[in-house]
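What follows is a set of notes on a single structure, which appears directly below.
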Amino acid sequence: MSPTIPILILAIPLFMFLLLGLLGMKMSHKLAGWLGCLGMGTTLVLAYCTAYTYYFGGDFVGANGERLMSVVFNETWLAFTDKLVISMGFMLDSISALMLVVITTISFLVHLYSLGYMEGEKGFQRYYAFLSLFSFSMLLLVVATNIFQMYIGWELVGASSYLLIGFYYTKHSAVSASKKAFIVTRFADLGFLLGILVLSFTTQTFDFAELCGNPTAQVTAFAGKTFMGCSLLTWALILIFTGGMGKSAMMPLHIWLPDAMEGPTPVSALIHAATMVVAGVYLVARMFPLYLWSFDATTFIVVVGAITAFYAAMVACAQIDIKRVLAFSTISQIAFMMVALGVASEGEGQVCHHGLGYMASMFHMFTHAMFKALLFLGAGALIHAVHSNDYTAMHGLRKFMPVTHITFLIGCLAIAGIPPFSGFFSKDEIMAACYAWHPVIGVWMSVVAGLTAFYMFRLYYLIFWWKEHKIEHGHKPHEAPLPMLIPLVFLAAVSCVAGFIPFGHFVSWNHLPYDIHLDWTIAGISVTIAVVAIVIATVMYRKENPLPAKMKALLPALWDWCYHRFYWDELYMFITHKIIFNGICRPIAWFDRHIIDGTMDAMATITNKASVAIRGLQSGQVQMYVWVYLIGALLLCGLGVMAVIL
Amino acid sequence: MLFSNPLIYFVVIPLLMLAGLSLCKNIKQIRAVAVIGSIGLLALSTVLLVKYLAMPPINGDHQMAWEGSWQWFPQLNICLSVGVDGISLAMLLLSSIIVFAGSFASWTINQPKEFFLWLILLSTGVFGFFISTDLFTMFMFYEVALIPMYLLIGVWGSGRKEYSAMKLTLMLMGGSAFLMLGLIGIYYNSSVDGQHTWNLLEIARNHAITPEWQRLLFPLTFVGFGVLGAMFPFHTWSPDGHASAPTAVSMLHAGVLMKLGGYGCFRVAIYLMPEAAHELGWIFLVLTGISVVYGAFSACVQTDLKYINAYSSVSHCGLVLFAILMYNQTAMTGAIMQMLSHGLMTALFFALIGMIYGRTHTRDIREMGGMMQIMPYLSVCYVIAGMASLGLPGLSGFVAEMTIFVGSFAHTDTFHRVFVIIACCSIVITAVYILRVVGKLLFGPVHNEHHRQLTDATWWERLSTATLIICVAAIGCFPNFFANLIKPTFVEEIFKVFQYNS
Amino acid sequence: MEITLIFWLVPSLIMFCCGVYGFITRRNMIAMLISLELMLNSVDINFALFNRYLFPGQMEGMFFSLFAIALAAAETALAIAIILNIFRKVKNVDVQGLDTMKF
Amino acid sequence: MNSVGSIILYAIVTLVMVVCSVLTVTTRKILRAATYLLFTLFGAAVLYFMLGYEFLGGVQIAVYAGGIVVLFVFAILLTGKPADNAERLTAKSTFLGVFAALAMLGVGAWALCSRVTRMLTGAAMPEKAQETVDQIGEQLLSSGHGGYLLPFEAISVLLLACIIGGVVIARKR
């Protein structure tokens, strides 16, 4: 494959960023917006071409029918040593092609959607510039040929996420949310970096082709190396996973994601639902051949994922800000993907249940991107209509916004796992993989799936049903403009049909095509649970009734903890402010000012004092000097006498 | 011939500028002299860089180029010896860029004639230092660079300027007292046959300093240069000094002068005394490791913009010395890259802080806010500088830090690697204090309504900052060019050290 | 009776001691200067004497005295200029009160 | 053996010198002190004549007696009322002064005594051809052995500096 198109895929968004960033202020809003859309549209077309060529072109199928990993181009960017080289390249394989499609699709839709949603906002051009920067960084991340390129993309998406969350920079909450997002993910990136250091130090390579193409050789390089009772490989992989935990908002590094909803809603759809937050999943999937060799690491992933999934689902049940509900739902769904990846491994290089989890995870990543983007964009349309994030301000909007209503419902059904919507298929594969790995995890995840259906329909009813508010001064909620509706309808359509894609043919852990078989027992259980959950939600929230209040009264503590997100934010505040800020930074600053600097000043003071003391001898009185002179002369004479006498 | 050596012009041009300045009558002429001179220096260093890269490497390595030596005090073998390799060239380029940007940053200074006289004298010292290969001449230029700082801060500074100027000068002088001892010690141990020499390259070739002497002289030289490199616990001149210094002086001081410390540690302490560096390196590793984290933590709670940046410099410069002490090629390349990177971005920071201070007349972040709405250009530049500082890929900080970390982690000793992990933590803390400042200073609502009347950057300020940003981005986007420029020249030098490493 | 060196040296010594006494006890700057002249003069005398008695073939002592006289003249002129200046400032020539120039 | 005349002359000169110097430092009237100084200086000049250093004696009279003392007198007249008595010395300062003088005297006397035999037995003033002004001038301006050109020039520069210094310092602003 010629490198022209791949280079263009990366270059166009970067160019758009520079163009809009440097000259955007001179352009009109319309021009900037359409330029952004045009750039992203071109990228979309090119990415689709590339993905099509990859999956259907036939050039990338190996002798056994497996899909090949192909490095389209790879240029040295920075050579540390002969072996440790950071290259900038473009790697095409089944998951990166998939991600190309997902990223460009969602990104283009968001570009389009923003034309309507962001209309008239101050800094419209800047917004498009940042979107382009984000698209570039995310594409750079997914097509990385080596782990350091991925890290670079990783940092860049973090920065663009920072800029976009803080888009409304005059708002305190947005500024602190962006800061929080950046710092938390930075902390996670530290783990990632250390993981890279350990990994590259041992294997002497950054290259994915070498790391994942030949995992046994790398595992041999790690053989026998342990650190604090755990093998070094496990350490490296867990550290790398830490990076993924940060970006993908796993417990306990999830706290930034709900706050990140301060950003404009399309941004939440793009970055904090569909693309960037699944980077952690992508990372683990990318390194999957290595993760297969460390059962400890994959177990760690499963445990973290399972806890996060449950936690986020619980919390989502008690939020009133619709974007936060969606954010927690995102956390929970990403945790699903993580668990799925974890349960695909059985350690020692063996996969569990034909590596179904890997495929399922990628499948869910794909479907989730679509329906979660749909939900977020729907939420955006609602917010656009009522100018508030709280469902308390909404109620009964189905009459005013029919399109949004239907598409949102489709999204809810998809995420709840009701056939034939896409979520059903992907989630079912995950369930099958979980049950195959360990029944406990299977049951656990089923419960989480039930919770998911419950909170989504709670949200749905609270927004669209109930009795509408009185309309004041003609502020009638209105349906969104066309540029916003097109993405909604498109994504809804995709969410309806995406489940029927034979996904196993495109993505599997060993790149061999694989046929998906629905396990009807598990599917039946899942659907039943989902339906029951929806029914409960319907009973409780279909109309305004005292049931929710009763439930709340029944378990006040639980509700409180869920409402306050289990006080994680408070804990973090305590750690950062009380311990790190007041316990470390301030004492250090004090120490520096008073001890270190004090020592220096004390030396100066002593010198000064001493010189003042000596200066007193120079009284300026001539007669005094004469006396001193005389005494000196006498002493000298005395010495002379002594010398003569002795 | 003296004047046929192009390196001499790094000293001659500033001297000509001094002469030109003394003839100037008004501010226009002064600006013209400063701008023309700094463009001349910039052009000279660029041309030399291009020529250097075009030179055919000998045995696969680039050698010292344009070597020359003229005796000026025969009784003590003191020569004006010059010669550059990739590292010194990179430093010269850095210095000329910062002098160029600094001239524009001090476009409207009071008493411009005197100011530029001292500033250019200072840069004479800096350039002289980087081209010298004779220890004594090097030391002489080092002193030339230090002294004008006192007046520049004392006269044109702000805040507690007398105190800061005195403190800075005295501490650096204290450092150079150590250094002087160390250098004299090196001189008297420089050769086996009693023919002492000050020439760096000869001393390295002779390799005659016995390990016992090295153990004595290495700490002296390392601390001597380390004071200028803001090594813990000799860093306290930096916050006060930078806080009081005028913009261009802060830029030049943090951007170039602090690099003299790192460069000296590398060129003199490590290069000439590898055995002692290997033996005693751990002490300084601990100190520099502390600098890295300590500076970052201190920066988190400062409220004065310049203090924040000064502590951040302590942290970043600590990383330079830290990497030097790892004595392996990648880490040392990283150290030099970090010098370049830190030089540029800290100069950018100080330039911006100076410009903001010039408008708001306060540097306290608690008294400012929402600058993004008032002066968007400066604010965007500040964000870029901040991003460079916290190591965003595509800007210089990232490549330098990563090179250091990857290189340092390759050290075989666990003790060293544990310290690398500790140093890595600084990237998080850096993010904390940078974002704290950016959040408080630039974002949020406008804190003081009077600030709404303030204007955005003027053309000279734009030129000054844009130059620096372009350089920061250039290093960040094409790091391999710089890495190769720096790297080959000290492969052979390092190999000597390597023997002690394995 | 022979007038040997010692006969001259003793009065010179007395003169010097008078100078010391005057210099220490007097507080008027001009008086101190006068005492100083006494001391200087006694030293001059000694130079000339030693030259004449011990090294008659040379003239070093005499020249020394000659230069010392020239120096004394210069010094006195300058000192008096300073005294006058101080007097103009503080209307006093008392050394005790003159510590404004200290430090 | 000195002639009686010269012994008498010696007695007079020493007497004048000693008495006048004592009076110089003890009198309470400053103008008198200057006058006594003048006599002391004359005594010294006579001494130089007796030693055969006529030129030196001449210089002593011209510069010291003629120049310096006149300067003193001017200064005295300019700075105060010459008739005023200086305040009485306190016992303490007298004691200190006397102590210092005696200490000096002791030191000097000890120095003399330690060489006393040589001083006493030393030959009388050797007879020698008188130094002519020619010789003095030649030596003063020669740069060879025993030449004093350098100190001469130094002194002249110093005097010049003094003149300028004196003018600058005493100048009215």
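The first chain written gets the first letter, and so on, giving A, B, C and D; residue counts start at 1 in each chain.
By definition in this document, a residue touches a chain if its C-beta (ideal position, glycine included) is under 8 Å from a C-beta of that chain, and two chains touch if they have at least 3 such contacts.
Owing to the predicted nature of the structure, the values given are computational and were not obtained by experimental measurement.
Closest chain to the protein centre (all Cα atoms averaged), using per-chain Cα means: B. Note on chain placement: the centre of subunit A and the centre of subunit B lie 36 Å apart, centres being C-alpha means.
Subunit A and subunit D have CA centres that are 100 Å apart.
If each chain is reduced to the centroid of its CA atoms, subunit A and subunit C end up 94 Å from each other.
Chain geometry summary: the mean Cα position of subunit B and that of subunit C are 61 Å apart.
Contact of a single residue of subunit D with at least two other chains is seen at positions 96, 100, 104. Residue positions of subunit B touching 2 or more other chains: there are none.
Residue positions of subunit A touching 2 or more other chains: 626-627, 630. Across the whole structure, chains are in contact as follows: A-B, A-C, A-D, C-D. Within the complex formed with subunit D, the residues of subunit A that make contact are 626-627, 630, 633-634, 637, 641, 644.
Those residues of subunit D lying in contact with subunit C across their complex are 1-2, 6-7, 10, 14, 17-18, 21-22, 24-25, 30, 33-34, 37, 40-41, 44, 47-48, 51-53, 55-56, 59-60, 63-64, 67-68, 71-72, 74-76, 78-80, 86, 89, 93-94, 96-98, 100-102, 104-105, 108-109, 112, 116, 119-126, 128, 131, 135-136, 139-140, 146, 148, 151, 155, 158-159, 162-163, 165-167, 169-170, 172. Listing the residues of subunit C that touch subunit A in their complex gives 20, 23-24, 32, 95-96, 98-99, 101-103.
Residues 615, 618-623, 626-627, 630 of subunit A are the ones touching subunit C in the complex.
Residue ranges of subunit B in contact with subunit A, taken from their complex: 166-167, 170-171, 232-233, 235-237, 240, 294, 297-298, 300-302, 329-330, 333, 370, 372-373, 387, 390-394, 398-399, 402-403, 405-407, 409-410, 420-421, 424-425, 427-428, 431-432, 435-436, 439, 442-445, 479-480, 483-484.
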